[in-house]
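For reference, the structure I am asking about is given below.
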Amino acid sequence: MNRKTRTDSTVRIGPVTFKNPVFIASGICGYGEEYSPLIRIEDLGGVVTKTITLRPRLGNPPPRIHEIPTGALNSIGLENVGLDNYITDKLPRLRDRGVGVIVSIAAELAEEFVEFAEKLAPLDGYQGVELNLSCPNIDEEALDHGRNPEFVEEITRIVKTRLPERALLVKITPNVTDIAAVARAAEAGGADGISAVNTIVGVDFDLDSGQPIFDRGSGGYSGPGILPIALQKVWEVAQAVSIPIMGIGGISSIEDARKFFIAGASAIQVGTALFVDPELTMNIVSAFDDRPEWMRRGPF
Amino acid sequence: MNRKTRTDSTVRIGPVTFKNPVFIASGICGYGEEYSPLIRIEDLGGVVTKTITLRPRLGNPPPRIHEIPTGALNSIGLENVGLDNYITDKLPRLRDRGVGVIVSIAAELAEEFVEFAEKLAPLDGYQGVELNLSCPNIDEEALDHGRNPEFVEEITRIVKTRLPERALLVKITPNVTDIAAVARAAEAGGADGISAVNTIVGVDFDLDSGQPIFDRGSGGYSGPGILPIALQKVWEVAQAVSIPIMGIGGISSIEDARKFFIAGASAIQVGTALFVDPELTMNIVSAFDDRPEWMRRGPF
Amino acid sequence: MECSRNSITSRPGHYRAAVVENRLLSRRYYLLVLSRPGAMQDPGPGTFIHVMVPAGDRFYLRRPFSVLDCDADTISLIIVEKGEGTRAMRALPVGAELDLIGPLGHSFPRVPGQRVLALGGGVGLAPLYYYGRRREVRDCESYRLLYGARTREDLFLERFDWDTEAVTFSSDDGSYGHAGTVVALAEREIERWGADVIFSCGPNPMLKAAAEFATRRGLPHYVSLENRMACALGACRSCVVPVRENGGIAYRTVCNDGPVFDADTLAWEGLPAA
Amino acid sequence: MECSRNSITSRPGHYRAAVVENRLLSRRYYLLVLSRPGAMQDPGPGTFIHVMVPAGDRFYLRRPFSVLDCDADTISLIIVEKGEGTRAMRALPVGAELDLIGPLGHSFPRVPGQRVLALGGGVGLAPLYYYGRRREVRDCESYRLLYGARTREDLFLERFDWDTEAVTFSSDDGSYGHAGTVVALAEREIERWGADVIFSCGPNPMLKAAAEFATRRGLPHYVSLENRMACALGACRSCVVPVRENGGIAYRTVCNDGPVFDADTLAWEGLPAA
């Protein structure tokens, strides 16, 4: 079955139509190619590449990942190659493969988003941009500006006006009282879609040392334990905005993915569960190909 | 071993000293007696009784509890007998049993808290009051005023000035951007301790109907899946206030309980896990009796 | 409450019991026989035990199951495999331990001198079968059990200790006994045996039909309900069902006020469909 | 990167393998032999497989294990029971299926004409034992394996296919072979056999001691590291270790840049203690 010829599971986000609504979340599949030995990433809606910053970032010291029975905590600290290396080394590798690519970016200041947008604008090989305004895992308080609606609206507008032909997604943090306000701000700024949610701030301690597991203390909680919270946030956002939503958080099965559509999402991203079950995204694609009615919003 | 004669695991909260730092959380053990067929509640630090309101509340229609692999969602809706029945029927039953009792109360308006405090003041049979400013499970938006620091400070002061000899705990919601601000407000208002956290707002859907499981849609998420988030919140609060903290959320083992002490709690409450393992609180009491050093704050 | 007049109040304990027998009765049903914990109170017919799911490293609430039978040494359950909990219990080998709380809840009432027509559907059989084997039944003038299932296989005729003198069967597909629902069967059997009181236990739609039947006949009706539970001790208010009270609605717990209720008090429209 | 010059690059696949043998070697160690998936690339010595924990209904990341041996039909692991994952694998019966990704990572390099002294501690044995059984070893002038464990039992002398000609043992408690650490043993054995290059694998403190030993002797040293992993494909940057680069620190992934590193490039002070 050639998925490209089927249109009933395509998903439109702003100016872009993706093959299907199933994506790999940022930070999970590196710069896009890394899961290629195991799965045909061409058959996905797309991959969201690791969040990049203008300059390369070293990230946090190990340990960076910590398993708990209900998921994982991570403290990667946005290690990335930086925009320039991304443009020269990473982006070109996916270009001729027909892979849907969403470039995830993060910055601190409005001017930096201007620079990002202007450098990305002339390039090809990607269809969308995701503003990661929600990484809980780094030092600079400023990078957590995803909680401030005014700022969200401003930078969304900065990026959208410079990248009118790309799908612009704003990825928002669940670590906020009123997620709907942030989503509305993104919509007002011209976002084509909302990605919700990023990891939830959490911590675990070593019983012998009495220290947090991670050097930086807290980490980002992901995996099955955040599913009901992520569904809740998507449901709240769906009631607040009319642009498409990418549902993210705790998806470990086709059933979990379906629940995000019921909650009002138009697409989903798989994160932590891919580490365990690399075929999960492919299985979700097949399931929705066979049962496009599973992409309906609830109640039925 | 007679625990009453041991002092090394007692815990002081404001004017009150409790036998040990292990409590059953509000909503779990009814009005205090319900678990008596299975455990000696006299041996606990105490029980926090089901949150009462001034008038009886019917609560939400069934279903009210929903199991997921990482915990439970509930939608009880604060069903309770109301203050007057509580005073006449419920409180007296525990009085002569030497059980530590913390009365959990909720209301909407400052005047109602005045009424609560004035009616409770002359009574005996309880040592503490917990202001439940954080139930995510009910209709009235106002009952979720636990997110507003000014209001938290105001009502804390109202209750504390009228109940100077009781341990006054303020139970705060994790569903907020800045939990430390709420905790500081409670401290400023004269709280003797902070109880953190209540359930986290979550939702689950029925795949056949596309409807949320609960009539009211969202519910309160509790159990193992919220542990890293609860630890994080307690850790944040511990850095913000100097009054004792009752750590609550996802405790299913002695190890989980120890982590709350590392994070800065002085006592803990067990919720959902008691449904599965009724001996859990007793086992934690014994563990801390044997190893009082486990009540230290980290890092060691 | 509704039923407490003539029923024993349970004094639950927390026990470990060993699996004595775990046997398929049909594709979906199995019989689980446990060693009876010595200190455990004699469970009344209609009471239940609250079982820890023996699997897992994930979170599971306990599962409630009615007592099917109980003697000095054993306590038996009949279980339909539904989800992960009942699947894990099905896999328990003989000798394995099961953690349980019980007995819980109120039993069906004693009805001295009365003719009981008891309608059981599916696993709703348990408390009614048990009643028939208990001393309570000696008080009755007669105790007639009507048992209905989807199909012949689920009547497990050859695999179960039926006192066929006292039982009449129905199957939805007509493959054995009366063809149709157990309530339809009751319409027929009541003419033959008479009845002063109806007992019923089974899926909610069946119970509702039984309630209509009892009302039409002007008979008292005691019904055993199911609901999602957490504590099973009346503490958490998770398992409530609506009853009519003072012209309005009040909530009663299935675990502690029930599971047996006077059908006339229930607000049927507020019960879940399944 | 550090090691890729002389090592094969793995082309991982996702497979299911059946348990052929699962046998205790000592109280803590066991040997797990799996059917070799037909399509799986020949794993180089030092590469590993990433195994799905066969338990559970809770969340588990995969667990990485070095290849201990591999032939046309089987692939073997030596595992020390540490936590829940390795406990669940220990319980696997023959015939059970295990879900794995592999081979992953870079192997120890080929070192034609050189005398290799290989220091293995505990389960760190796996890649070094495997190297000794591979064609790579034919290029070496000599390959001498020193293996140390806590105590005699953990050398599983009678239970394992040792080529005792090529191995020398040490035990921390002196219950067998050289009394003391394997690095102390190396100080002695190097005088006897000579060495042009050191390989090592084991707990970090041992590796650090081995690195000091190699530096003192002025010998190149290849070390196989462990770290917590998520993807094992170089995608998530979970498993990094610090290396010295341009006067500062850079991070390399154990899963993809390693697990074998040139010891001289590592920033040892940044490695976890255990």
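The letters A, B, C and D name the chains in turn, as written, and every chain counts its residues from 1.
In this text, a residue touches a chain if its C-beta (ideal position, glycine included) is under 8 Å from a C-beta of that chain, and two chains touch if they have at least 3 such contacts.
From a predicted model like this one, the values you see are computed outputs, not experimental measurements.
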Intersection of contact partners for chain A and chain C: B, D
Chain whose average C-alpha position is farthest from chain A's own: C
Computed distance of Cα centres, chain D from chain B, in Å: 49
Computed distance of Cα centres, chain B from chain A, in Å: 35
Interchain centroid distance [CA atoms averaged], chain C/chain D, Å: 58
Touching two or more other chains - residue numbers and ranges from chain B: 68-71, 224-225
Of all residues in chain D, the ones touching two or more other chains: 57-58
Of chain D, residues touching chain C in the complex: 55-58, 84
Contacting residues of chain C [partner chain B, same complex]: 11-14, 52, 58-62, 101, 227-231, 233-242, 249-251, 270-272
Residues of chain B defined as touching chain C within the complex: 27-30, 34-35, 37-38, 50, 58-59, 61-72, 74, 76, 79, 223-225, 252, 272, 274-279
Sites on chain A touched by chain B in the complex: 68-71, 73, 147, 175-177, 200-205, 207-211, 217-218, 221, 224-229, 231-232, 235, 255, 258-259, 262-263, 296-300
